[in-house]
Amino acid sequence: MNLSVKIGKLTMQNPVTVASGTFGYGAEYARLIDLNQLGAVTVKGIRLNPVPGNPTPRTAEVTSGMLNAIGLQGPGVDGFIKKYWPFLRELKVPTIINIWGTTVEEYAEVARRFDALGGVGALELNVSCPNIKEGGAQFGTDPKLLAQVVAACRAATTLPLITKMSPNVPSIAPLAKAAEDAGSDALAVTNSFPAMAIDIETRRPKLANLTGGLTGPAIKPIAIKLVWEAAKAVKIPIIGMGGIQNAADAIEFMMAGATAVAVGTANFYEPQTSLFIIAGIRDYMARKQIVDVREVTSSVRV
Amino acid sequence: MNLSVKIGKLTMQNPVTVASGTFGYGAEYARLIDLNQLGAVTVKGIRLNPVPGNPTPRTAEVTSGMLNAIGLQGPGVDGFIKKYWPFLRELKVPTIINIWGTTVEEYAEVARRFDALGGVGALELNVSCPNIKEGGAQFGTDPKLLAQVVAACRAATTLPLITKMSPNVPSIAPLAKAAEDAGSDALAVTNSFPAMAIDIETRRPKLANLTGGLTGPAIKPIAIKLVWEAAKAVKIPIIGMGGIQNAADAIEFMMAGATAVAVGTANFYEPQTSLFIIAGIRDYMARKQIVDVREVTSSVRV
Amino acid sequence: MLEQTVTIVSNERDTDQYFRLVVRAPQITPLIQPGQFAHVRILPLKDALLRRPFSIFQVAGDTFSILYKNVGKGTEVLSRMRAGEELSVIAPLGHGFTVPAAGGETPLLVAGGYGMAAMFLLAQRSPQTGIVFVGGRRRVDILCEKDFAAIGWEVRVATEDGSHGEKGLVTQPLLAELKRSAVGRKLFACGPTPMLEAVGKIAEDIAVACELSMDEHMCCGVGTCLTCVIKVKAGDGWEYQRTCTEGPVFDSRSIAWEVAK
Amino acid sequence: MLEQTVTIVSNERDTDQYFRLVVRAPQITPLIQPGQFAHVRILPLKDALLRRPFSIFQVAGDTFSILYKNVGKGTEVLSRMRAGEELSVIAPLGHGFTVPAAGGETPLLVAGGYGMAAMFLLAQRSPQTGIVFVGGRRRVDILCEKDFAAIGWEVRVATEDGSHGEKGLVTQPLLAELKRSAVGRKLFACGPTPMLEAVGKIAEDIAVACELSMDEHMCCGVGTCLTCVIKVKAGDGWEYQRTCTEGPVFDSRSIAWEVAK
């Protein structure tokens, strides 16, 4: 039975990774699960310099999901390399580094730094964080800006580039195409949805940032549709995500067009989710007599 | 205690109506609840001629929500007037008629017909149905087209016009503004979200139409954010909807900027939801010593 | 049609994955007609909002029961509920079977799997007894034989694996019986759609009256959402009608099987 | 830190809206340090996904307990769970209190409401007994007096409505005691943030060592999500640190109260 998939030139031993920002820098969950069983570890978004992030409260629970406005708190490239890279470098599975910037140049510079580091599995370009004004969200909704960011990173590195798409567009196809044409090796679909919750007792928004990103099972049907549309628009592989809780969800994303999947919010309430999913995909393949997991991708019958 | 609100020149005895397409033509629920206690009854979308709708399966249950692709099945203007209007006309509460067309002219013609009918409370322009190709969705995402539809209807009727916004845009503000400027008396925010679900056993999409609209509690935080943004962009009142299940949800929408609210998917599983909400709003106002429900609108403290 | 919170009196396994659930609902029971259904909100169900439709199986005093198969999320949770716990029901719903008039046609009932549940009240309220043909994949899918026998009905069984009764589809013994005599007889059927179509075809071929109870996915159950439509002949063509309101029982001749494909 | 499915041994009302829940968790109990917490997934909770953090209250053999207040969705469902039902816990988590060394400082504990829960293990494992100052709004908010008395600790109570002990805030008797003698004493506090700030201020004014257990909303509980951060002094400024990982217990002098506002 083959579970391995390729994202550009990156080989994953199975199609399951974790979603950026929901798995810290890997080490935090190492005491609860065996990271070496994952397809890849994807780390929290990093820009050039350290970022303090937003004031608290930063998350709020909502029906079948959560809102977050962490504000991309992070150690910057140097801090990451010093504090977290020594651990990640030793893993048997590749690390996908999620990067962002406020300008095209910054994206490219961060890409260049990680290219120089050596040993990185792939770079994921977050052009769709809804939680900070300069957080790249505008890059994710305008095909021209998106193409600029991707092209600049493409010029800066030979690492596989994964462009993380914004869900917040009338049609994802032109953006998906723009990323592909500008040299992206894969797409990640999708980021969180701009959302809001208000405490009616205090009349205050539940997040200090006022608004935040909705994630979790609530968004799954919208994310499935976005993956399906993106897959029709491009030839490059897609990493599907948004509310994945179990193997059935992961397989649904793959049928819609994803080559691999990422587990996000579910890590917070069930850190073993990704391992359960890998086991569940095996069971499904055995039951359906599927010998290669790549047959599942885009196998929806329409 | 005042619960009444105004939507243009339409007075509602309380801020709670039902969402188009989730309440049939009123009569169906009359045996389960007293319709005369609602703020208004909003009926399923109607275009000029009868519409057969989509093949089945037309709905599917998803986590904390549902997908639908009914395809705007309806009797057309004449059928509606003949079969359903005699009942609705006798209600003590106003009827809001949800209308659509495939061209600007058709919208205007339908508006003209209902203007001539007499006794209609308001017209809600559905420019955002995701489930049929010509279903007006393109009118809902392009400010210029939206302005044309609204202006044509404005010229065709003196009835209050409510423009029902699409959620599927990077920013709702320019569309809200376009509707206001073209003469809309109010906005309805929001329609369902384009989404998809796949049965992994059969590999078939769960809807015959392949994709459909996601509604129910899952979408509430996104809808709250859209109401909040629309309310900042316009001066006209907003009818908020999307996942409202109880009075707390309704009050949250009002705090975000809604003058009135509509109960949709919840009718299907709990037909009394709207009446419970009216009672719950009263309780909240009593507890918080609020004498006029209009004080709740936009009262979020940011 | 009433919406009520009702208390479970009992909820016990019948055979295999089939369960009988009895609820107390004094205001609802007097209203129930054969072939109608209850729309049930399984309150402890997580994340899943919609009600589930079940045929009303038996009525006894101020209680009614359903006979359900554990097939998914909702019925799984339902099967673990206990006496004393509560459900919300909207019932009775839908347009049921035409109860045969005294001295009128002899009813031949045809059921597959939990389709038997929809037939019992009809048998019980029919002035003349008849035959119930019941089919299923295996022995455990044959329900309620004793219940029908207790009210004096003959039960003829067919199973696909031959583990009980005749081996094959239920339409075989039905066809044999109709070939013997079709006059003065009327068919009533409930079960999987392919079975209903086969029964409808037989009725048409043999020119015998036939009512079918259709099983379509439902959402509201009361006619507002337009989820549950099937294609019904109208004029030269067809129109969508609602299984929950115009149905679940339809005259078999009215169904537009051809365009339904 | 382990993730385990544990069985409820008992779950009983303490006073008013406070409950004591005991679970069997043989692999976890040996690891627990005073001031650590358990991150609990309340499995029957509908629609609400996240775990809830609770201080570990007592450890006895292969069981540990939490003392929780019914304040919302999760704790409401938790309060209706019964012996034999299961929970998922990740525990023990966080950086706890420094247990006083034998012959070292005398611990003065300060608690508000369910803050008492975080203090018991510290008292029990402290080589020397001390005084626990406990405050609350009403008599029912004063928890665990007997538990502390049973291990030889003195308990001083203050309630805002004067229904039990001194009338007023818990900082009053604390301040009085410290004015009597601050030397060789160390403060440990857990409770609402305003109380913690007041205690921290007293510690600074009187120059006595002080550890505070901070209560911030949490999501992952293990350091990955960056939900639970508070502002902690760093160099000339401050940095965010995680209550679930660097905390919940912080040295009071390290907290950047000024910029936290």
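Which chain is which? They are A, B, C and D, in the order written, and residues in each are numbered from 1.
Note that in this section contacts are C-beta pairs under 8 Å (C-beta built on N, C-alpha and C of every residue); 3 or more make two chains touch, one makes a residue touch a chain.
No experiment lies behind these values; they were computed from the predicted model shown.
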Contact-graph separation of subunit C and subunit D, given in steps at minimum: 1
Chain located farthest away, centre of subunit B as origin (C-alpha): D
Computed distance of Cα centres, subunit B from subunit A, in Å: 34
Subunit B and subunit D, separation of their C-alpha mean positions in angstrom: 48
Mean-CA-position distance for subunit D and subunit A (Å): 36
Overlap residues in subunit C, where contacts from two or more other chains coincide: 47
Residues of subunit B whose C-beta touches two or more other chains: 63-65, 217
Chain contact topology (line, ring, star, complete or other): ring
Full enumeration of touching chain pairs: A-B, A-D, B-C, C-D
Subunit C-facing residues of subunit B, complex: 21-24, 28-29, 31-32, 44, 52-53, 56-61, 63-66, 68, 70, 73, 216-217, 265-272
Sites on subunit C touched by subunit B in the complex: 1-3, 41, 47-51, 88, 90, 216-217, 219-220, 222-230, 239-240, 245
Subunit C partner contacts - residues on subunit D that touch it in the complex: 44, 46-47
Complex contacts: residues of subunit B adjacent to subunit A: 62-65, 67, 141, 166, 168-170, 193-198, 200, 202-205, 210-211, 214, 217-222, 224-225, 228, 243, 248, 251-252, 255-256, 284, 299-302
